[in-house]
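Once you scroll down, you'll see the structures, which are given as structure tokens.
In the two complexes that follow, chain A is the common piece, with chain B as its partner first and chain C second.
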Partner chain A sequence: MSRELFKFKGGVHPPEHKSESSTHPIHAAPLPRKLVIPLRQHIGQVAKPVVNVGDRVLKGQMIGAADGYISAAVHASSSGVVTAIDLQPVPHISGLPDLCISIETDSRDEWIDHAPLDYQAMVPADLRMQLRDLGLAGLGGAVFPSAAKLDPGAAHSCPTLILNGGECEPWITCDDVLMRHHADEILQGVAVMRHLLGSTGILVGIEDNKPEAIAAMQAAAQKVDFAVEVVAVPTIYPGGGAKQMIQTLTGKQVPSGKLSTDIGIQVFNVGTAHALARAVHHGEPLISRLVTVTGHVLRRQNFVVLIGTPMHTLITLAGDRDGTTGVLMGGPMMGVPMPNLEVPVVKATNCILVKSNELFPPLPRALPCIRCTRCADACPAELQPQELFRFAKAGDFGRAQEYHLFDCIECGCCSYVCPSHIPLVDFYRYAKSEIWAREKEKRAADLARERHEFRQFRLEREKKEKAEKLAAKAQAKRAELAAEPAAAGSAPSDADAKKALIAAALARAQAKKAETMPKNIDHLPPDKQREIEEIEARRAKIREMARQPLESEEKP
Partner chain B sequence: MPAPFILDRSSVTQVMAWVLAALLPGIAVSVWLFGPGILVTLSLAIVTALAAEAAMLKARGYPATPFLTDLSAIVTAWLLALSLPTLAPWWLIVTGTLFAIVVAKHLYGGLGQNIFNPAMVGYAVLIVSFPVQMTQWAGPLSLTETPLTLAQSASVIFGGEFPKATLDAVTMATPLDALRTGLLQQYTVDEIITQPIFGHYGGVGFEWLAAAFLLGGLLLWALRIISWHVPLAFLAGIWLTAGFLHFFDPGRFGAPWFHLFAPSVMLGAFFIATDPVSGATTPRGKLIFGLGAGFLTIVIRTWGGYPDGVAFAILLLNLCVPLIDQYTQPRVYGEARKGKEPQA
Partner chain C sequence: MLTAILVMVAIAVVTGLVLGWSAIRFKVEGNPLAEKIDAILPQTQCGQCGFPGCRPYAEAIAKGEADINQCPPGGEEGVKKLAELLGVEPKSLDETHGTPKPKSVAFIDEQICIGCTLCIQACPVDAISGAAKQMHTIIASECTGCELCLPPCPVDCISMVTLAEDLPHWKWKHPVVMLKKVA
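Moving on to the complex of A and B:
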């Protein structure tokens, strides 16, 4: 424990509310009558359904296939019959339904054939494909497909592997409980990660408000044949954010617009490591996860839950109470309000937080910004939230981007400390969505212009070709008269030149496009891509939300 | 409502309440050393400010809660009252407060929108328009023979008949005024400070008032309601500028300690230049803001037409805030340091 730790800037200390749920044993949630399994549970390409309505499926059977490299398969969490493949409400901030496969379970819970993987004997690329097909995705909340993250890429190795047991959001304890009870399995998963990434240094960062988890992980670390350093890090929100964990443990910052692997570091959540161990050593796809059910319920605790289980069954299980004012997926800082309780538990569901007016009093009315810069002091991205707010509110999105809007991780620290109670994060989401929308429109316009230019170019070319052909014909005739062969030799080089011309034109158009792209949204990591889609979806809604405080400030 | 769903306990009202609390030591010292006149001034300013605020909110269509109850109007009233002479006539107080609340605050868009510090706008308007009335400072009790009671102070302020002789006996020039007048009459600093009004560091009594404001300011800093940047830079700006001048010609320029221990400087450093709304927001910007205001304060005191320069210095710096902020944006997480690779 002699490791030197580094402080990241900002952060807040909201009340933790962890012990309520972390001290209880894990229970298995019962098998529900019906499972609703969304095809989009991860960042990247949505999975493609590979079953039909009426099919009988077995537990662990793939029902949606990964589509592309950044994707993950989805599986039936239990045996039963597919009753529908259609749009269903899903736990998503947009509140919009998404494509899901519904399964009526037969209570037999019959497994499909599955076998452990001999991962050390496998070609890494094949192993990664297997993991993708077993549906592995980050369980810390970002649900990035794990297979893609286990690819060291051109560097051939990623020296530092960080296992993130930070779990800094209040109320949530699923990682804590997982580490307490399954430390050995977590490290089995780490062994696989280490194998694929070629990592030499392995750090496990756990906030120091989880002494039991730290002890359990340290005990497990003694038993493995590779060096694992379990480090207690200070408890501060958002210390469990990947970028913050990296800085705390290594003192390094991930350069803006780059990935942590660019500085030789990869970060995984402890739950992901556990799921990976289940996948490799048992051949089990990702069909269940640990979920904290807490807040305004009778028994706050963690459940092992099958993916696709409706949330209301869990709340009933934990004991629902009068006075419930809403349900969040996730914690109070970044959680997403649920449109209804029919929505299923998905791979990203770490916590179901039931609200009441006592635990979560309605937020007071927002006052104007008094430029006190408490938000800036609290911002872990080291931004100037008050300026971002000013620009976003004024619709000056260009300035907002100049002030690094897209480096905002939406952690909510700024809103948390704001004495004027301004819902700042809302304004940032709104500004981001507006920028994406404009960008999309501009892309469409650019594309149209490019098409037009290319058409002009083609017409020109065809004209020229026609003339050339005519000339060639004439010449050929003349040549025919003169001698037999020749002519053919010049054609390929001519075609090459044409190709080069087209390529040059395209490159020019591309360059032009790049020039007109707004700053600081290029070099987007792939997870941003999904973010864009999400933002698109919730745009209308957010705009609505954002307008209210706007208006109330102008004229309440 | 979207995330986050929890809030820190802080609120604008709470921030303002702490500012008021931090002003209490200064008020107590003022009563103790200069008599109870300040209490009359403060009360009058509060009543005027709240009435003006309520009227303006109504006119602009804002509800009384939370806008009237946020205490910001009272903070403005107190800061203005504490900058005014303790025996200033009532209409001076009312005019200044009205100007601060109606024009400097609400006509600029209300809470959070004002470019200039409202209290300083009120002060500047008064000193430009009514320079004579702005010198009716009650002298330190230790130097006046017949200190005024609360009732007597009130009757002076409200213009009740009061023998001119008595008034002359209880009011006197502030040390800054005395220094200024003395210098204009070709006395040297050493000669001037032999007058009884001059104390150890600043003026008799005035240095204690300054210390009380300093104490309140340190309280605000300890509570993290203000950061150290502006006060420290402001005081440093004063000290360096005054020290520089004093070093070259101690006969013509007051000592840096003397300048530092004026109540207006401490009030300015901890309560006025730190006003978040009209001040710079970035750490480096705050340093520039403070240094600039300190420098200008001494320049105006020395060469300007008014005895004190704090208000004008801060107002001038208020004007520069957008520029200062724009050019002092700090590096964000993961951004390359200037001329260096991102720390990796």
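Moving on to the complex of A and C:
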């Protein structure tokens, strides 16, 4: 059975360095004394802490709840006591800390109650919420919440499901060994995906430098009750990129600015399928993952690592060596340098690559672009990297966007081939983050404008209402007065009306005065007189009391 | 719970309607140039330009009655954009109107606040919530950092807090190291 394959444009062939780590069995990394679990491990809304400092937590207990639809929960990777909920260093290139929950483990590794999900009997929306609460996120590196990706949306089904076992990035082998050793479980996860997405065609794309993984997946495919096509695709970087895998397998291109689901295709990493199987068939949240520890270490291999384990413990486990020049999370093409090694392993950590000068000689210094267009030839997204570079460098972000900056997958092919050794991808990342920041600023300014205008409108309205009230009152008075002289038989002019108004006001004031000074007290019996005096005294007291808050209100 | 949700929804709908209606009803007609200028101004509404808000300043620029370099929150970049829009030479910011400051938001010390409502009356974007004799709070996401609420406060309990860079707001820096080497 052979399938027609398609070629995407560009791509490069960096040295693979896979066999060093892929041939060793998987080891479990020991339980660390302290776990530091970041609440932001996925794309979307950061999880909200649901435990307090001092709480005892069990393995698999939710410690951070998903906040919204594009979000995922985080869980305690082992049992112990929560010692802190604060900002801690996280594996991010900025070196900035982020909110984390620290757990001192008690070495009992005691599980919380958990049970398999009867996924076929569940309402799909409920099942997706469960998966979100089990913390599932894409393990290929993008860590997009899986529950949201398992929603076929308005289309009600997603005909093609692609399982991505490409793993094109050099040095990394965690997907390879996962397929070799857990092929059956991966396909159990695929069964759940298929159920939720209503997919009919299921393709597993694996690069042909992984024959053992292909064989294992093919053997597993024989055992399941649905059709799975395991396809060996040519080894070329970045053939394991989602868009590239789609094009290789189906010949379809995802249009710029669209999602693959818009053309009826959804792609998942094999690791995600495995985690999904653990979640559904065992009720286990995502608390561990496979991590390749490779590069400048004594024993290059894959470990099952609890989320929250500090990276340095893994490097020690693999045997650290002198001459280390830095550590990347991820591979040499797309990996990000780690600010320090205290940072924890997170859901996105597929590889810890230790660098040395022999393995990764420092790049010669960058030279000006000679416009050789080698980068354009290598770009799998069919962009013009040299133009994007020019615009990004000059801060001309509008032009960069016109040249489809946001289609760049940051694969690094352009930098890899550039004879001038320009760190092109850094410029694209810079431009993208500037554009995002500006959009945010623009939104904030729009909000401020709207709120300011609304305030102006409110003040205006209040003023108008006050004026109207006054006008209405004056109108009423005038009508009243107009009626009086009319009864007296003389038609009043405007000046007369005004005079009358004043006269009426005077009369009113006099009347009021007269009211407060009753006249019928001239000839009263003494007891009545006393009574009146008492009442007067009380009145004066009340008046005194009433004046106080009034004054304080007028001038604070 | 349900009533709470319903009430919130009702409030949202009503304010939405009012806002939408006022947007149509009070649409400032005319001067499209002023509109374009206003779109560039940062909407801090601080009045440092010498006008009671961004919109009046925009109108003054459109009429040629004000220079383009009077808005400190917009900074040099804002001046550049205005110059581009109007097709004139960019100039440096007029320092007599103030200098750009890092983005900050107001913070009310609720222990000291006496609930006098004076700051609410001063805030151009209604970013302060509170009622008479209740302590007041700034809605940080809506505060533009204009500092107009500072002077009226009789007990000086409002201070400006500079927004520190955190992960969600972190930006990639321009890869200048390499540029220096090239130059």
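Just so we're on the same page, the second predicted complex is superposed on the first by the 451 of 556 C-alpha atoms of A that agree within 3 Å, B and C clash if a C-alpha of one lies under 4 Å from a C-alpha of the other, contacts with A are read in each partner's own complex, and residues count from 1 in each chain.
As a convention for this text, contacts are C-beta pairs under 8 Å (C-beta built on N, C-alpha and C of every residue); 3 or more make two chains touch, one makes a residue touch a chain.
For clarity, every value in this text was computed on a predicted model and none was experimentally measured.
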Which superposed partner A:Phe457 touches (first chain B, second chain C, both, neither): second
First (chain B), second (chain C), both or neither touched by A:Arg365: both
Which superposed partner A:Ala73 touches (first chain B, second chain C, both, neither): neither
Chain B versus chain C as contact partner of A:Asp426, first or second or both or neither: both
Which of chain B and chain C A:Lys243 touches, first, second, both or neither: first
Chain B versus chain C as contact partner of A:Pro337, first or second or both or neither: first
First, second, both or neither for A:Arg40, with chain B first and chain C second: second
Which superposed partner A:Ala376 touches (first chain B, second chain C, both, neither): first
Chain B and chain C contact sites that coincide on chain A, given as residue numbers: 365, 367-368, 423, 426, 429, 556
List of chain B residues in touch with chain A within their complex: 1-8, 10-12, 14-15, 61-63, 66-67, 70, 72, 110-113, 227, 276-277, 279, 281-282, 325, 329-336, 342-344
Partner chain A, residues of chain C touching it in the complex: 18-19, 22-23, 26, 38, 41-45, 53-55, 116, 124-127, 142, 144, 154, 165-175, 178-179, 181-182
Touching residues on chain A, where the partner in the complex is chain B: 8-9, 12, 14-15, 93, 170, 243, 251-258, 263, 328, 330, 332-337, 355, 360, 362-365, 367-374, 376, 380-384, 386-387, 403-404, 407, 412, 415-421, 423, 425-426, 429, 542, 545, 555-556
Chain C contact footprint on chain A (complex, rising order): 40, 46, 90, 92, 94, 96-98, 365-368, 393, 395, 422-423, 426-427, 429-430, 432-434, 437, 441, 444-457, 556
